[in-house]
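Next come the structures, one after another.
The same subunit A turns up in both complexes below, where it pairs with subunit B and then with subunit C.
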Partner chain A sequence: MRTLGILVAALTCALLFYAMGDFPPWADPGSAAHTHVSPRYIEKTMEETSVPNAVTAVLADYRGFDTMFETTVIFAAGVVCFFILRLPKKEGPIFRRYRHTLTGMTIRVKCTRKIPPVLEEFEMIDNLWAPHDLIIKTSCRILVPFLQLFGLYVIAHGHHSPGGGFQGGVILGASMILLAISHDLRTALARMGEKVHALLCPIGVLIYAGTGALCLVLGRDFLDYGALAGILHVDPVTARSHGILIVEIGVGLAVMATMIWIYNNISSRGEYDEGL
Partner chain B sequence: MDIIVVFLIICGLVFFTGGAVGILRFPDFYSRLHPAGKLDTGGALLMMVALALFNLHHFSLATVLTGLKIILIVVFVFLSSPTAIHGIVDAGVRAGLGPWTRGEKRR
Partner chain C sequence: MSQHYPALLVTVPLLSALLISILGWLSRRLCFPVAVAALCVALFSSVGLLFRVLNEDVVHYFLGGWAPPWGIAYRVDRLSAMVLVVVSAVALINLIATRRSVEREFPEKIGAFYTLYVLLITGLMGIVVTGDAFNLYVLLEITALTGYGLIAMGEDRAPLASLNYVYMGTIGACFYLLGVGYLYISTGSLNMADISAILPSLYGSRVVLVAFIICMVGVFLKMGFFPLHAWLPNAYTYAPSAVSSLVAPLMTKVMIYVMIRLILTVFTPTFTFSRLALNHSVVWLAVIAIFMGAVLALGARDMKRMLSYVIIAEVGYMVGGAWLGNRAGMTGAILHIANDAVMTLCVFLAVGNVVYRTGGYAFEDLKGMFRKMPYTMTGLVAGGLSMIGVPPTCGFFSKWYLISGGVQAGQYGFVAALVFSSLINAVLFFRIIEIGYYEPFGSDHGHGPAPAPMEEAPLSMVVPLLVVVVGLVVMGAYTGDIVSGIIAPMIP
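Take a look at the complex of A and B:
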């Protein structure tokens, strides 16, 4: 069996190396990737969109249609996770355990399914509960605001440096997930509830598609941000730059909300009560 | 200036080498995390300070800002890396993994 596996791997490897012969030579100026659109992007990006980072301009302007459906794919992933994993709310009472933080005594309370408010002297204990670690809790609490600030910086600074909506959205989502890991899911849900992130997710996609549709209404092509010049009171080139920023904000919102949505559904097994 | 930068970078490399050797050579989970947490953080500190100094060759607002950003990276590595190692060690203790004692086999 093992010999067979090695044989298959070696054959695949040989096939891939054989296929490599068809590639253009390394750094060949005549190859297809370097002759048609790349020189145009590199030469014209600054004068057509006034965005110094050509990658952002290609991503959100020249190939904006592609990026819009990438955002839609992320939205679809969130929705699919929700529909597969989320369980309907069960009725009837359940037992919850609380620990008195001063004495360490544990009590069992019969209560409703609704998540009860946070009490000052009692700490809720999950079924698979491990005591919270003060060091991890504190340093995560210090880090989370800086993470969120950095996420916003990455979204806003995508014009000038590597970054943009996808990366910034992932950082923003990770900050909320870090909060859910270091504290518990209920703490994170109290900051950003299920309804909020389930709404932010389509709103992000809507901002992107809406910007495109607005350009269409104003008499230009779909996602041709130059049409926004009249609304924003700037010249068409700057309007393209601003249009890219608006679209990046939409992407950031959608990505952030989807990350949190998927994490919450998986970690709580669709119950939105006890997390990791 | 250059001498200080090179000295700091070499010190950082010594720290990183020690960390890598320690991760490979120490006998068990906990002692292996020890170089991973301490030496990598210390090495990162020395390297980043060296880079920030090197960046200040031409003194202007832009280079000072870049240097500050590099120092910020150090601050956050200092906060997060020991916390992460602490979390991993804590998980090992809670899972019931005992520490290695002399005379036992490496694991």
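Take a look at the complex of A and C:
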């Protein structure tokens, strides 16, 4: 079996090398990829969509339909993680251990399954408990707002520089995950509960697909942002630029929520209690 | 509105999937009606599109208002319109038929289940309707991802089977993407019609040749064609029954559609059958696939696994037929996409009903089934007869075209494989009839315990099954119209 595997891999490799012989030369300006569709993207982006960044224009306008489904792929990944991992809430009482932070005494309490509120003087202890680390907690807490600000900047600035919904959404999601890692999942969930990010995830994609459907309702083709000109009170070309910003916001929301959703499900093994 | 049909049949299910996902957290009761409504709209637009295509030949739709090759275009012809109708109809019937079993299996996660279900259909519809090679890949990802999730929620070793499917499916998708990348390098375009217009001057290029091979290998992997079929039996066996009866009729069939689309539209048959002398080897692989599928089905100890191996044989039928390189073979392959989808749905729905009542799908669970669930077993037998190829069911007609294609091409190995597999199918289904009808044997001449009372599956599961059974015969009766009206104009 192992030999067979190596043989198949070698064969595939040989096939790919065989094809490389007929590739156009490296960085050849006359090759098909540079002469067929690209010139229009490079030359006309500004006058057709009023977006300076050609990559963003191709991503969210010329081929915006692909990007909508890429966002849907991310959404689907979140739903699949939830579908497979999330456990139903268990019934009945449970024993929890609490440590009194001032005296160091540990008590055992019988309570319901509901996650108790965070208490000032007591901290919950289970087999994943680690003594809290003041330096890590504080430095991460300071970092989080700056991360989020930067995420917003990346989303909004996709028109002019590298960035956009996917990258900005990942940064926003990472900020919440950092909070969950440095503190615990309860702290992060207190700021953004399960229902919130599980709803934000489809809502983000809905902003994208809904914008497309709105264009259809307004009488143009699906995702033809030019139709939004009447609503936004701008000319059709600027409407394209605004349309791109709207869908980027949708992408950002969806990506952020999915990141958090997947992390929460995996780190708490679907139980949504303690986290890592 | 009718000019928006191509967009509606993809975007309405997509928007509904998002809505269902939201409703799953607010009001679970509404998830199912929304899903039904979405698929009804999809079916309505597919049928409307089919009638438009019969008049206008080809329907274009530019997404975002950008003309191809700069933007993404939908291009619907007779072939894709037919497959669209099949996909949306099968998905809708299965959705209604499996409502009860879904409610029983996933009481807490109905929202997530229907979200994934409708997304899967969105992906399949998008694959069929698109005229853009890269857009096809993106939708392939959606289909695969939702499929993995749905399969993993089955019983027993389902997560492992799904993981195996993840590996194989990802490799398949990567190969397809690599092929599209190679095509882009040599043509600079992603639009299928545009690529096929540029390609004739590049037929000698090694890049195009390798792109073709890689794309085909990727698609073969995805459809479970013979040496690459290992993921299929476990995935389809352990999946929840509502999922088995969705993916088994649709996934492999849509991938065969993709293969035929690549052969007919992107690379054109002249290139496919003359540039490489590969078609004989592929037909021989198909022959092995059919033999293997038939023999392994004979060795299976439960119905779902048996049917999974039958599907592997059926994939062999269609790939073999398409690669025979003549009109009859291609006609048979295309016709079999529709017929096989309907008959696979029929048998899997029947098995789903049995699972709903008895909780198992091993052959032992079938004992005395004809007395207990007569309608369900009628459905199973009708589907079985169609798989064997007994007229007037539709299975007979597509098999007839495939066999005549094999004879015309002089591929007698393929003809022999088809006949052999039909015989094996006969053995398989008559064994089921025997177990269901005659067992348990009366040990002491009718003085044994009283026969089990009739305990049919709920009406909402039986009626869709019987609708599918009627569909088998109706499709058989209209074969002539389907071939002359839809398939014949598609084949150059």
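A few comments on the model shown:
Just so we're on the same page, the second predicted complex is superposed on the first by the 260 of 276 C-alpha atoms of A that agree within 3 Å, B and C clash if a C-alpha of one lies under 4 Å from a C-alpha of the other, contacts with A are read in each partner's own complex, and residues count from 1 in each chain.
Going forward, a contact is a pair of C-beta atoms (placed from the backbone, for glycine too) under 8 Å apart; a residue touches a chain by one contact, two chains touch by 3 or more.
Keep in mind it's a predicted model, so treat the numbers as computed, not measured.
Touch criterion not met for A:94: it reaches neither subunit B nor subunit C. In the superposition on chain A, A:139 makes contact with subunit B only, not with subunit C.
When the two structures are aligned on the shared chain, A:210 is found in touch with subunit C, with no touch to subunit B. By the document's definition of touching, of the two partners only subunit C reaches A:226; subunit B does not.
Of the two partners subunit B and subunit C, more subunit A residues are in touch with C.
Once chain A of one complex is fitted onto chain A of the other, the partner contacts of A:80 are limited to subunit C, with no touch recorded for subunit B.
Subunit B meets subunit A in the complex at residues 76, 79-80, 83, 86-87, 90, 94.
Across the complex, subunit A meets subunit C through its residues 15-16, 18-19, 21-24, 31-38, 40-41, 61-66, 69-70, 72-73, 75-77, 79-80, 82-84, 86, 88, 195, 198-199, 201-203, 205-206, 209-210, 212-213, 216, 220-226. Against subunit A, in their complex, subunit C makes its touches with residues 4, 7, 11, 14-15, 18-19, 21-22, 25, 61-66, 69-72, 108-109, 112-113, 115-116, 119, 122, 126, 132, 134-135, 138-139, 141-142, 145-146, 148-150, 152-153, 159, 182, 184-189, 198, 205-207, 209-211, 213-214. Within the complex, the subunit A residues that touch subunit B are 130, 133, 135-136, 139-140, 142-143, 146.
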